[in-house]
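These are the structures, in structure tokens.
Across the two complexes that follow, chain A remains constant while its partner is chain B and subsequently chain C.
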Partner chain A sequence: MLRFSKHEITINEIIKNMNIPDRSEYLKGLAQTGQKIMGVLPALYPRELLWAFDIHAAEIWDPPGEILHANAHLQTTICPVVKKSLEFILKEPQTINAGYLFPHTCDSLQNLGTQVKDLIGVSLPIYTFYNPKGRFNNTTIKYYQDILINFQSILEASHGPLEPEKLKAACVLSHKIDTYLMVIQQARMTDHLSLSNHEYFTLMRAQEYLLPQDYLSLLEQVNILEKPAEFSRARLMVSGILPPLPEILVFLDELGVSIVADDLLAVSRRIPKFAMDPPGSPLDYLTDRFFVLPPCSTRGGDLDERVHYLSNRLKESKAHGLLFDMVKFCEPELFDHRLLVKTFRERKTPVLTLETELEDHISGQDKTRIEAFTERLFEIVST
Partner chain B sequence: MADLYFSGVDVGSLSTDVSIIDHGGKVLSEIVIPTGVNGSEAAEQAFNAALKLADLTRDSITGITATGYGRASVAFATGKTTEISCHGVGAHHLFPKTGTVIDIGGQDSKVIQIDRQGRMLDFTMNDKCAAGTGRFLEVMANRLDLNLDELSSPLNIEGDSAPISSTCTVFAESEVISLLAKNTPRKEIVHGLQRSIVNRIWSMVTSIGIEGEVTLTGGVAHNKGLVALLEEKLGLTLNIPENPQTVGALGGAHIARRTYQNSLEADSI
Partner chain C sequence: MSIRAELKYKIMKDYGAPVLMAFQNVRRRKPRPTPAAFGSPLDSNQRLKEILSRHYFLSRYAPGVKKVAWVTSGAPVELLRAFDFYTIYPENHSALVGAKKQGADYCGIAEGDGFSQDLCSYARIDLGHMLSGKTPAGKLPKPDLLFCSNNICQTVLYWYKAIAHELDIPLIHFDAPFVTTEQTEADINYMAQQLQDMIPILERVSGRVFYLNIFEEILERSMETSKTWGAILDAMKAQPAPMTIFDAFGHLAPIVSLRGLPVAQDYYHILMDEINTRVTQGIGAISDERYRLIWDNIAIWYKVRFLATFFAERKMNFVTATYTNAWAETTGYLDVKDPWRSMAKTYGQIILNNNLKHRLDLMKGMIKTYAVDGMVMHSTRSCKPYSVGQFDLRKAITADLDLPAVILDADIADERVWSEQQIQTRLEAFCETLEGSKYG
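On to the complex of A and B.
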């Protein structure tokens, strides 16, 4: 089903060829069937709990369109992920019918939840979910389990009592999806996946809006090659919040650069670092899953642990360089960024930083940056 | 490799520069013309002028590398390479001990680290603002009613300089208007502008570090006051090419030459 396509084809064609439905059309169709849909802001939340209440989580990361009305409510130094989310919410889309969930990913998103609830006012319920910030220990485990139970109670108040079997089934489904994603991720790193950069990230990001059963069906159809494909392409690892803009992904494909590994909040940082046992007790499973995710600036992780993780990924994927694609004004990420760049420069890893405001297209300067960086990578390939 | 010639065509935002070299790397002609509104036409015009100056025909050029922001518009090029790599290679051929290149171009500035073969190792570029670029000086020259030559005149670096922002061209222009309104001597304002660019460049240099000798390229290298301030700030003597504007084009010509040599080696394997 999934196949390698020419880079010149449009983004819509890529989605069509891979049999992935368009995001807004899919959600619109789903809402028309009476499906409960909750708008969920980035990044980490107990999706299994929502599924157990028959609520579909439609994630809101970077809705298209200009930021106009959101600017009236937010400071200029707020990141475009938050601004675009608010712009989307202010349009009161019909597809979202079960409320909005604001995880505590950063202070801006946390405050946005408060603003939307108390100041701006929307007719739908607003939920918050305050992830623990810190490492795996008895305190953070207890705190996480407490907020899971609390969130369950809040959902029960609106959607009726939780059926334990449904939660267990949701955990099994989540485990299956994770297992497939880990295999696909590994296949990407070892050239066992014939997908362009854009196709790969379209596939990985489809989980943001497809029903879990539909997403699982899609993953089951991904063709993992028996032998690694022979590529004379430069290999790149990308770090940041979201994958680079579609135009950049296509441009990298044209330049002969494959993104073979990532450290993106929207993608790899939401996939467990290693295989987990099949779910037993849902509460334990959800807790374990949260703490086996890769290190992340938004969870207040240890920087050394992050450097170690990135180094391993670079080594495992044989990436020739590291691209930091930074969302402008992303506080948690920018705190780590400078030290990460310094560390990898000292290790002689070619590093490039781009800054995005989630525009529709890339600037000429950024194209030059990417091309020059690619020239450097190909020097390494040729030696 | 007798009678083989190579060229680099650098279509920049302000000027289009062409360099033609022979198979031994000797420079035969160099041309700089304003780019204007049509990069493709400027490339054609500059290339023809460079051919004429070198007394060559178009057919005699074996390889042509297009570079600069308008590199995609050079239809007659045999290859294209970013100006970042080209400036590294060009600076290396002029000053072989170069380890760091500072290029202050029309719309952007870059600090490039290169290895002993002139290959780019790392670089940094200014971002989304003309502060610290040739355009910055052009805007300010207009505001001060000076031409670029007058703005480039040697200045006493010990003299007073007016404080001017180094983060934004628009804000800096407002500051210049305020300074003029306060009858601040133009010399002090010019000095302040140069210091502003130098501060901007210095922050880029510190983010990437200095290796080896430092070569300054781009038209702004003609500005003697700025060069003196930059040398003072960096605490070293800069290599200043005779034609700093054509270093990118020269690097392009050498890349075309190297590509041709590599293709010969590949054929002989």
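On to the complex of A and C.
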């Protein structure tokens, strides 16, 4: 059962208390059992297809450790997600044994995929998955189905024929996970969840590495309060790629600020906007799921739609302010950022932008800015 | 379409533009002296300037007569030509701003309005132009339509989305799946279908009907023009090479921004004739060509002259570039009998939309066929699809072909990124290695 943490306990203790296994220990353990594990880069991919081939998708977003060897392959102006991922891949970790998957997310990841495959070379196979861009229509839907079929054939070439029942089961599992996540998100927005910022995002991010069944069991244990908790804290919505650094999350908790909603690529933007029907035909289900994800810069989605989506989320969650946690050099987000900031400032929503290189610690300057921003949020709380 | 606007456009086209050109010619009578390291400049330069000035000049009179479209360099513009859009290429315009060393100024305007300094400088310059109306071309018309393809980068989609939102105009996006190994039938069908889906939207925006035969004619012309451009680049195999790649960066403008129009087709015939004459007569672009180089990535627009002179003085000539080749490489796929699918193949496989193995093989091939002695790679802060992978490309090429190479960290159009001392040091070291490797 998840419990509300006391602020004085450390980040590792939080994870321990929540019974969420440590990422690398967990994956090591899995690999030792002979589980096929594929390293998957950000962000969108048909996880159900991998599961149907008994391949576990271990996502690589921000592996810990210094960037050393990747610097010999990438320019200084490339985002830290790409750099850290490459650093991880170059180590050829034992936990990844079934290859790497590069979904088509942005120019940098697009090139990194071919760079690793065609120039650097690793001992494991490299897979790619194209996500259509721009506005979607019937032509896009048809193409997305073709991509799924093609990806299935590619996996079949290395992992044997797909068992349709397994794909169906994977879709059912995926649907259950989505349903829980939507409920939890909703609970978070309406104060029916007693989790600190760090606990909440640890829970959300555990899906990046836990087996789907394990993740589902974890979600099943989440305690949704019957009545909303008393709430005197300031409420914040966060937008960007990844949740803020753990240190920032804990700091916000200490300041009495709760992140009640998010528009993060690693979190909410991968959860359908609304509840989907239980899967019928897997192909249709996977296709529909892709097209009902929230608007996202990396899919080249419409700006108005994104503004609209964020406004609704802000309203629903009653957030007092908006935090943009921008990954340095992330073009897709940086382009949208200017309009989003302008729009919400005009609407008098307090907005703070932080820039991160995914370092381990929060700078003194950022701490001061967060404190000043928090004061503004509390002014709204008290009015 | 207003009769007054149409009349004005016609007068400007038939009389205004020629007068302007004549005036510019008088002003240009005293050309800048050519440094001794160079041979005589190409006569075609004059014609090129006229064409481009005329294009920008006439664009002011287009509104009300033709619909104006802003288009990305890799977009299948032939389709727009079938609806008689007046096309403006913001990338081209940004390069022009960069070449005039005004990039930082325009970027600053965009940055002041909230766009990050970490974005592509072509985009920032264009957004700076959009926000301020500033342009070295006098005045540019506001677009009625935006047309982009992510076959060069995803950046253009984000950038054009921002303009579409700001100006509240339609954006047509041609989604070109990245080629990780080879194009699949599904990729080709998807792109072919998208092109056909665009027709009703283009009819609506332009107010014109689509005629297949007109489109085929345009396609034919575009194909022929690209082939001529390819032949011009091929002629650079001659020793000495009849022009430098820095010349080619300039002569590239019509194939990028006037592709499919008779003016571009005619222009490349003129250039081809001049180049052929030079080759026959053994006239080189630089006075004494001892070393032949390849350039990778987009030009450093604000330093073209500096770099051209630096290398020419050391008897080094750039004879080929991945950049200039991009508008000739895949046009062989175009086929008027199968327009949609052939366009999907042509536009889907261009260098920046193709995997790095393809790029490596292409570069190695160019190095061999153009008898290249050394390689200069511009690692540009602006362009991720061109720059990510360059370090390993360099490693693979130098290892396989034993070729001296240098990487310059700079930017295409934001001159603030240029570090003269660091670049000078790198270039000197590269030249020493090159001289040593060939004659040492």
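Assume the second predicted complex is superposed on the first by the 383 of 383 C-alpha atoms of A that agree within 3 Å, B and C clash if a C-alpha of one lies under 4 Å from a C-alpha of the other, contacts with A are read in each partner's own complex, and residues count from 1 in each chain.
By our rule, contacts are C-beta pairs under 8 Å (C-beta built on N, C-alpha and C of every residue); 3 or more make two chains touch, one makes a residue touch a chain.
This structure is a prediction, so every number in the text was calculated from the model and none was measured.
Return first, second, both or neither, reflecting whether A:Leu323 touches chain B, chain C, both chains, or no partner chain.
So A:Leu323 meets neither chain B nor chain C here.
Check whether A:Ser297 is in contact with chain B, with chain C, with both or with neither, and answer first, second, both or neither.
In the superposed model, A:Ser297 contacts chain C only, not chain B.
Of the two partner chains, chain B (first) and chain C (second), which one does A:Leu236 touch, if any: first, second, both, or neither?
After superposing on A, A:Leu236 lies clear of both chain B and chain C.
In the overlay, answer first, second, both or neither for which of chain B and chain C A:Arg376 touches.
A:Arg376 sits against chain B, while chain C stays out of touch.
Figure out whether A:His104 sits in contact with chain B (first) or chain C (second), or with both, or with neither.
second
When the two structures are laid over each other on chain A, which of chain B and chain C touches more residues of chain A?
C
Contact residues on chain C for chain A in the complex?
113-116, 118-120, 123, 150, 153-155, 157-159, 161-162, 164-165, 173, 175, 177-178, 180, 184, 186, 189-190, 193-194, 197, 355-357, 360, 379, 381, 384-385, 387-393, 395-396, 409
Over in the complex, which chain A residues touch chain C? Could you list them?
Against chain C, the touching part of chain A is residues 72-75, 77-78, 82, 104, 106-108, 110-115, 117-120, 128, 130, 132-135, 137, 139-140, 142-143, 146-147, 149-150, 297-298, 300, 302-304, 328-329, 331-332, 334-339, 341-342.
How about chain B: which of its residues touch chain A in the complex?
Residue positions touching the partner: 69, 81-85, 108, 119-123, 125, 127-128.
Can you list the chain A residues touching chain B in their complex?
345, 350-351, 355, 363-365, 368-369, 371-372, 375-376, 379
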